[in-house]
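Step one of this worksheet: look at the structure below.
Letters A, B, C and D mark the chains as written, and numbering starts fresh at 1 in each.
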Amino acid sequence: MPMKDEFKPKIVAFCCNWCSYAGADLAGSSRLTYPADVKIIRVPCSCRVNPMFILRAFEKGADGVILCGCHPGDCHYSTGNYYARRRMTLLFSMLDYLGVENGRTRVEWVSAAEGVKFSQTMNEFVEKIHSLGKNVRLEDLRCRKE
Amino acid sequence: MKYSYYPGCTLRTKAKALDVYARESARLLGFELEEIENWQCCGGVYPLGNDEIATKLSSVRALNEAKEKGQELVTLCSACHHVIKRVNDDMRNVEDIRQRANNYMQLSEPYAGETNVLHYLEVLRDRVGFEAIKEKVVNPLKGKKIGAYYGCLLLRPGRIMAFDNPENPTIMEEFIRAIGAEPVIYPYRNECCGGYISLKEKELACSMCEKIMDSAAGFGADLLITACPLCLYNLNAGGNGRLPVVYFTELLAEALGVKKEAGNQ
Amino acid sequence: MNREKKQAELITEISGVNPLKCMKCGKCSASCPSFEEMDIKPHQFVSYVANENIEALVNSKSLWKCLSCFACVERCPRDVKPGKLIDAARQLVIRQRGQEYLSPDEIPALLDPELPQQLLVSAFRRYRR
Amino acid sequence: MQRIGVFVCHCGSNIAATVDVKKVVEMAALEPGVVHAEDYQYMCSEAGQSLIAKAIQEKQLTGLVVCSCSPRMHETTFRKAAERAGLNPYMVEIANIREHCSWIHKDMEEATRKAVILARAAIAKVNLNTPLQPGESRVTKRALVIGGGIAGIQTALDIADAGYEVDIVEKTPSIGGRMSQLDKTFPTLDCSACILTPKMVEAAAHERIRIYTYSEVEKVSGFVGDFTVDIRKKARSVDMDKCTGCGVCQEKCPSKKTPSEFNRGLNNRSAIYTPFAQAIPNVPVIDREHCIKFQTGKCGVCAKVCQAGAIDYEQKDEIVTEKYGAIVVATGFDTIKLDQYDEYAYSQSKDVITSLELERIMNAAGPTKGHLERLSDGKPPKEMVFIQCVGSRCADERGKSYCSKICCMYTAKHAMLIRDKYPDVNVTVFYIDVRTPGKNFDEFYRRAVEQYGVNYIKGQVGKVIPQPDGKLLVQGVDLLDNRRIMKEADMVVLATAIEPNPDVRKIATMLTASIDTNNFLTEAHAKLRPVESPTAGIFLSGVCQGPKDIPETVAQAGAAAVKAIGLLAKEKLTTNPCTAKSDELLCNGCSVCANVCPYGAITYEERQVNDHGIREVRRLAVVNSALCQGCGACTVACPSGAMDLQGFSNRQIIAEVDAICR
């Protein structure tokens, strides 16, 4: 995918081990491309993602954070994704208030069979981050390299 | 209820009947067809090539006008319906076509398929309701065995037209029941009549129309209805005359008791 | 690149059809109302394009027998759309060789009082630019 | 400080073609804690694993990072290798540079950069890893089989014969499944009932098998070795102990207008019914929706005629709760609905039927008593047409993308049986490809052509056109000589695609077993673990996993049984040590964590703590590591930060975040 500019966003994707991580694997084995800007962190369940991790990512210069879990009702741990959904709803509205636009954060349900959806979601998300540009809020400027 | 209305070239000339009966019936059923200004011919066939833009613009103009009025766009002729519906689908879903068409059009606001395109039959089914029509029928066409001739353009491709089940449609049969007649289901009702090929290949079109007529007559129809002027022409010209063919709107007007008023226009 | 290869690419581009999706089941030919009139049958369009056998395809009378009734498009289990392919081949001929199948001079002889405008418009669209 | 070894796999060219592995090695070596870094062709191979073992011993490694394929593929392999070399297996982390990197990126520079970052994240995590010890849990020595078709019956018999208790839960009133609906079976043409009925009887009589028919699984909790399952026994309205199976009630029942499910709706049954004569148990059920007594209150004929007094209108659904160590899914299949395929006139003509309907017509106990006749007028057909691949191998949303696998063979079977029994009936088969892999399968198909004169035509049918005289005109094409075929037929049989039983989605959700886009259950590994679900303790038997014929189903049923037996034979299971753990000095006993735990794994204890010299008794959260499944919900809920997840600790994940954003 040709990039429109030099901007190389940093994107952290938290994926639950049972559905979304497997969906990402399926995207891989089906050779469905998405930009290399996305880096995946494996967590057992979407409910393992502490809002603190997301704040930390923005603090360290991330331009977008996406959380992927099992579809509602399909959680390996029965209800983890519901917790995640509620927590993220709160967190994202707070982040929006703090100036981190809603487009920079996203929750998406991706099952182990949805390699196509995984890659589409990541493509869309990266495109969105490109349209928003570099994130300047929350970043701890002392961490910046240049 | 007001709808934007796209009559198309033939309804202004050779197929006036299709149009006037539809308008007169609409009045009685409580909706109005407001003809859009300065409509241009849709071209009769949908340009299949992915790189055809200019040939889609007349449809886009009509669609955009309906959008500006905030109305749904109603069509009557099967061909116009087919072309406009598919162009609308392109404008909605094919980025390349949307962009290039908008570049040509230079509208105040780009058009992206916002208008909902309805066939007159869909208005009857989904907006008025066949039950409501049944109640307004004053001359039920009792005892008439009518075969619905759908042809191809209303139904296919099913995914885009989203009109009815393309292989086993029911809308015209429901319509026939609503006006008090008995529908005859026959397998060739969605086979092509030959379409534009009848201009140069009369015989080929004739053989197709004969099959359709024979099939309908074989299953006991004594009359065929259609929504398409070209189908009507082909079936009449090439269909060995076994069955009369009329526009569905004519029967609607007859059943609703407004045929005379329409005839006076 | 040779001429036929270029033309084959042009046809796939105009039509947006991916010939690789075809599984050669023949349902398009089995559905086509003009089957008997065609020298190259609908299921063969795909392999003619895939094999870059374009000269034969553009000289085929099948181009002028397709009704654009979309029966093949509707029923194709592989979503190949042979009808779009044949239309693209027809477009290619019209764009490159001009409008030889239907000439305006022929029209008066073909007219009759009942003939709807729609028919003329459609035929012109399909046969000419 | 850890001593970390980094191992970068080429995976042949799978990784090495897009990722510069040497560069990854070079960059990884610069990371803190890394004392060793190397690459190799295939890390998962014997040689690759010994490289790792050698490095662990020589360099006294305390942590490992393997940059390779997905951890879902080889994490276990590398952890075992580490364990053999004396390293705690939980000191191993995988950087997924294949599925998440080399396979999806094309630009080498970009892919390499990403691989380096992924390696960095894994290294940062391992720096904070601690050795973990798995716990133990007990195994309930009983298996549950969901579905009572041939797959479920065979699995249950095999498990029971090995000495373990098995329960079969079947939704319909009888076991037997699809196979009981078949007339004859390919390629030997033996009668389906003759080979199935003895198995059904054997299962029913087995001392270690309990059969719950007319029952459904309602709720599943627990985990491998220790599942708790609620089974809803739907009210049969007939006392199983009293009923003698005499059948008088069915004869006298005045409500006889319900389409028979067993005969695919081709004829009707009574409201009190057994699906078929050889049903097991031979005890009828009352279909309350169609029973006059239940609908109007007036009737009660069955109760009057029952000599045994077995009819019980008051019976209620009953929930049975049982414990199981292993669960086998054997939910089978159905044919797809044909309302999207009206070009074949299925909904317009009674004489267009599915192959499964033909099985019932050919069966002596079927709606036509085994006579081949048209359902419209009862006349014997002279011309039969079979259409293959109806709804199979479709790229559009109308059908299924897969090959249903069994149709080519059963069509050859039908054609042969018809030609054998009715030599004056002509049989034509329209096919796209004839697929007959299987022992004696192609020979079977050839016999249909050569010995029985079945006419095979290559080309899919475009349309079936009902004629006014009741005949069916089949419009097709012969692709081999480019000819239009207009074949007049008396009956048309559609080889309808099969799909997993629609209930399987609900069941998979209860079991947290994964399912693919076609609703087939996913196996743990497509090639090497084909009868296990990725969810531990769940096994797959029969068509619920993918299309297959009877011999394959029976083989898979046996394999699933063996896997279940292997589990049941264990006294104890080692449990996942990645469980939650509470820091007693931070815990304030607020109970928030216990409220979010889906497993009830958290309890509270009053316990003495030593908080920097202050000794006092405090209320503290305690995690039962046998029950904890390691989801981490509690760790986020905990307001004081006391709860953490071992193996995925807050510090570890933050280290990964930092490494990625660096």
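One rule holds for everything that comes next: a contact is a pair of C-beta atoms (placed from the backbone, for glycine too) under 8 Å apart; a residue touches a chain by one contact, two chains touch by 3 or more.
Just so it is clear, the model here is predicted, and its values are computed rather than measured.
A.B. asks: Give me the chains shared as neighbours by subunit A and subunit B.
C.D. replies: D
A.B. asks: Where the centre of all protein Cα atoms falls, which chain's Cα centre is nearest to that point?
C.D. replies: Ranked by how close its C-alpha centre lies to the overall one, first comes D.
A.B. asks: I want to compare two interfaces, B-C and C-D. Which one has more contacting C-beta pairs?
C.D. replies: Result of the comparison of B-C and C-D: B-C.
A.B. asks: How many Å are there between the centre of subunit B and the centre of subunit C, using C-alpha atoms for each centre?
C.D. replies: For subunit B versus subunit C, the centre distance works out to 25 Å.
A.B. asks: Hey, how far is the Cα centre of subunit C from the one of subunit D, in Å?
C.D. replies: Each chain reduced to its C-alpha mean, subunit C and subunit D end up 46 Å apart.
A.B. asks: In whole angstrom, how far does the Cα centroid of subunit B sit from the Cα centroid of subunit D?
C.D. replies: Those two chain centres are 47 Å apart.
A.B. asks: Taking each chain's centre as the mean position of its Cα atoms, how many Å separate subunit A from subunit D?
C.D. replies: 30
A.B. asks: Could you tell me which residues belong to subunit B and also touch two or more other chains?
C.D. replies: As it turns out, subunit B has residues touching two or more other chains at 167.
A.B. asks: Counting only residues that touch at least two other chains, what does the list for subunit D look like?
C.D. replies: Those would be 343, 396, 463.
A.B. asks: Hey, which chains are touching each other here?
C.D. replies: A-D, B-C, B-D, C-D
A.B. asks: Which of the residues in subunit B end up touching subunit C in this complex?
C.D. replies: For this pair, the touching residues of subunit B are 8-10, 13-15, 41, 43-52, 55, 77, 79, 152, 155-158, 166-167, 191-192, 194-201, 204, 208, 229-230, 232-233, 236-237.
A.B. asks: Residues of subunit D touching subunit A in their complex?
C.D. replies: Its residues touching subunit A are 70-72, 96, 98-101, 103-107, 110-111, 113-114, 117-118, 121, 509, 512, 514-517, 522, 534-535, 578, 596, 598, 629-633, 635-637, 645, 648, 650, 653-654, 656-658, 660-662.
A.B. asks: Taking the touch rule as given, give the residues of subunit D at its contact with subunit C in the complex, in rising order.
C.D. replies: Of all residues in subunit D, those touching subunit C are 343, 389, 393-396, 398-399, 432, 458-463, 475-477, 479, 482, 484-485.
A.B. asks: For subunit D, which residues count as touching subunit B in their complex?
C.D. replies: Listed in rising order, the residues of subunit D that touch subunit B are 339, 341-343, 345, 347-348, 396-397, 463-468.
A.B. asks: In the complex, go through subunit C and note every residue touching subunit D.
C.D. replies: Answer in residue numbers: 21, 23-32, 35-36, 41, 43-44, 71, 75-79.
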